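Can you keep this structure in mind? I'll have questions shortly.
Residue numbering begins at 1 within each chain, and the chains themselves are lettered A, B and C in the order written.
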Amino acid sequence: MTPKVSLRGVTKSFGANTVLRNLSLDVANGEVVSLIGASGSGKTTLLRCVNLLEQIDDGAVLLDGDEISAIGLDPNPVRRRVGIVFQSFNLFPHMSVARNITLALTKVLGQSPADAAAQAGDLLRRFGLAEKADVYPDQLSGGQQQRVAIIRALAMRPEVLLLDEITSALDPELVGEVLDVVRELKGSGITLLIATHEMAFAREISDRVCFLHTGTVAEIGTPSQVFSNPQDERTQQFLRRVMN
Amino acid sequence: MKQRSLRVRLIAFGAVAMLGLAACGGTDDTASSECPTISESTLTIGTGNPAYEPWVVGDAPESKEGFEAAVAYAVAAELGYNDDQVVWVRTGFDEAIQPGAKNFDFNLQQYSITEERKATVSFSDPYYSTNQALVAFADSPVANATSVSELKGLKFGAQAGTTSLEFITSVIQPDAEPFAYDDNAGAKAALEAKQIDAIVVDLPTALYISAVEIEGSKVVGQFPASDVAPGDDFGMVFDLDNPLAACVNTALAALAGNGKLAEIENEWLAAYTGAPVISLD
Amino acid sequence: MARGLHRRTGHQPRLTTRQEHERRQRRRSSFIAAASTFVVLVAVVVLVPRMPRWDRVKQSFFDVDQMRDSFPRLIDAFWLDVKIFAWTTPAIFGLALLIALARNSRSPALFPVRMLAAAYTDVMRGVPVILWIYLVGFGVPGLGIARPFNSPLLWGSVALAMTYSGYVAEVFRAGIDSVHESQRAAARSLGLSSTQTMRHVVLPQAIRRVVPPLLNDLVSLQKDVALVSLIGPIEILRQAGIDKSKFANFTPYVVAALIFLSVTIPLTRLTDYLWHRERRRTSGTRVAP
């Protein structure tokens, strides 16, 4: 089976700082893979290389076996198939919640405003935010904003969804409602790549967990393998620090 | 205005004090207390910046060349000043006729004597009389116009604050509002750019423009003096109620009487007096 | 809180200590403000007329008959200023936006465009507006353009649009730069193109942020419109000058000033209001003084 997303020998530097070193990772279609690791280990950069927000220096990124990272290729078709949710939500503050969701539907997918609005309405209802459709982002709580951000990405019906530490900027009591949304996504056929600090959640939801250390995959395996029985010294160190 | 003249006075005083000491033995019939000047033993005369022909040649009034320059020196001589006792200052056209003390004894820049201006400045008797005239391009449809009624459709331009502009708005009364400029240079530029069809200025200036300055232009005609629009009498501008004006009038009368004034007119303006008449109806 | 008392007892609610203090403060400052204003007004009204040449000044600058006489002519001429302002403003915004976008373009292929735009803003802002008015207002028509396309109104307005777009482009640029990169990241991640991102996400936020400096430039423009008078058209400043020469009185200038103020003051008040509204929305609660 061709992996859904594949990184082969990917290297990425920012100036003198090499963030990803010859990193390779395969993610199967419909799989949920969590990326854990210390800050600066390359989790965010890895995700941003998958949807081409960053251009890799070396190696290749493949989607369904096709190389998408070649220089000069139009990134937009990729971005229609790969969605991303950011740590700081990044909702458009000058648009209502509904408009945030329908903007790309109308401009990128060419849907009619009515269809787009209907789809947005359905998604908002599904995730319990129906009455917030005409509200502006600055009037929502952090958890609500992040849920809207997820819905905005989902509305495009991506095949792959990248979640970049989506609960790190939230108050603890709001984390739960966001994680609930992610739980719902699992099993819907969408491939999920989740960078997270929430170890319990990673353990609960992932098919595999990938531990990143200074830009390489130090260890990868099922949650029980990585969390209960880490093989690599660095993984053990990290988990010790994080779990206490 | 007052500040500036005070400073000028102080500087002039200092200079003249030294001059006065050095010039012991100079002419004795310089200004007496009945014909006061702003600085002793010097006649300070104002004119435009630049000063146009044929009134001043080469923007250099000290050369005594040009009608107004020549008249100024003739008057100075009558008042008892040598050529080297005459000092020139430059002012804007509008500036000199503002209320307030002046930095010159008198100013000549083709100022027409009008009742309104007499409220703020004093004038000498006229030293020249002329009419308003029209300058347009020789290939313009109105190049041979003979009456004001033919001119209604034109776009006019003139210097702001002059009797010329007033003439356009109250006598010609064209359909389109005229354009106004800070100085005649602006009006000339506009004519050359064909933004306006015609300029109104005094006759000698008009003849000079058409002869020398704007190629392809001509003086279409001059507007005769009438009750509605008296011709222009040029007078020298003085500070309000300046007693020097009376002295200058005496000088002018003398120059007119002994033919000197006519001589100067003949020398500098003979070429600039002939033009067909455009009737005012 | 003290407010609860109101519902239960029906009396006036008692104020907290802070509210009491602030109310006393307010009363005291209002009193001081009123008293000092009163003193200044009295001083002006009583002392100024006693100055030696007040009568002359009053006659020269505040002649009521002259005001009545000049006013209709000046209002008429002011209409031209308003028209010039009305058609120059959209031109400025359009041109400035193009320049700002050109300067902010990121593609390496557009380097010459970026350079041109930078040169444009440098040159336009580096030369006094008056010079541009003369150079463009007389110079361009002087090349031989036929009427009505050589009109000084047209080319004077072009000169104004050129210079002001240089300034406004910089304002737009500042606004665009102030929109966080993450907004672009989010938009592009959704599949929006560069153009779509700029148009739907970045520009609306950018423009909202720079409304106060933009309005500032507009207030400035409203007055610089009078410069078109240098190349012929008789707008309010020129008309005031003509009246001044004709009647040997400066009152027309005072009237012109008042007419200008009647338009610029509302605009500056509006700018302040929008500024405060934007601050309230984006800057969070204010710290105690």
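Quick note on the criterion: a contact is a pair of C-beta atoms (placed from the backbone, for glycine too) under 8 Å apart; a residue touches a chain by one contact, two chains touch by 3 or more.
Worth saying up front: this structure is predicted, and the values here are computed from it rather than measured.
The chain with its Cα centre farthest from the Cα centre of subunit A is B. The interface with the largest number of contacting C-beta pairs joins chains B-C.
Geometrically, the chain at the heart of the complex, using CA-atom means, is C. Separation between the centroids of subunit B and subunit C, computed from CA atoms only, is 42 Å.
Inter-chain centre distance (subunit A to subunit C, centres taken as mean C-alpha positions): 46 Å.
Rounded to a whole number, the gap between the C-alpha centres of subunit A and subunit B is 84 angstrom.
Within the complex, the subunit A residues that touch subunit C are 51, 53, 75-76, 79-80, 83-84, 86, 88, 90-94, 103-104, 107-109, 138, 152-153, 156. Residues of subunit B touching subunit C in their complex: 94, 97-99, 116-117, 119-120, 157, 160-161, 165-166, 177-182, 186, 189-190, 192-196. Those residues of subunit C lying in contact with subunit A across their complex are 182-183, 185-193, 196, 200-201, 204-205, 208, 281.
Residues of subunit C touching subunit B in their complex: 60, 138, 141-142, 146-147, 150-152, 229-234, 238, 241-242, 244-248.
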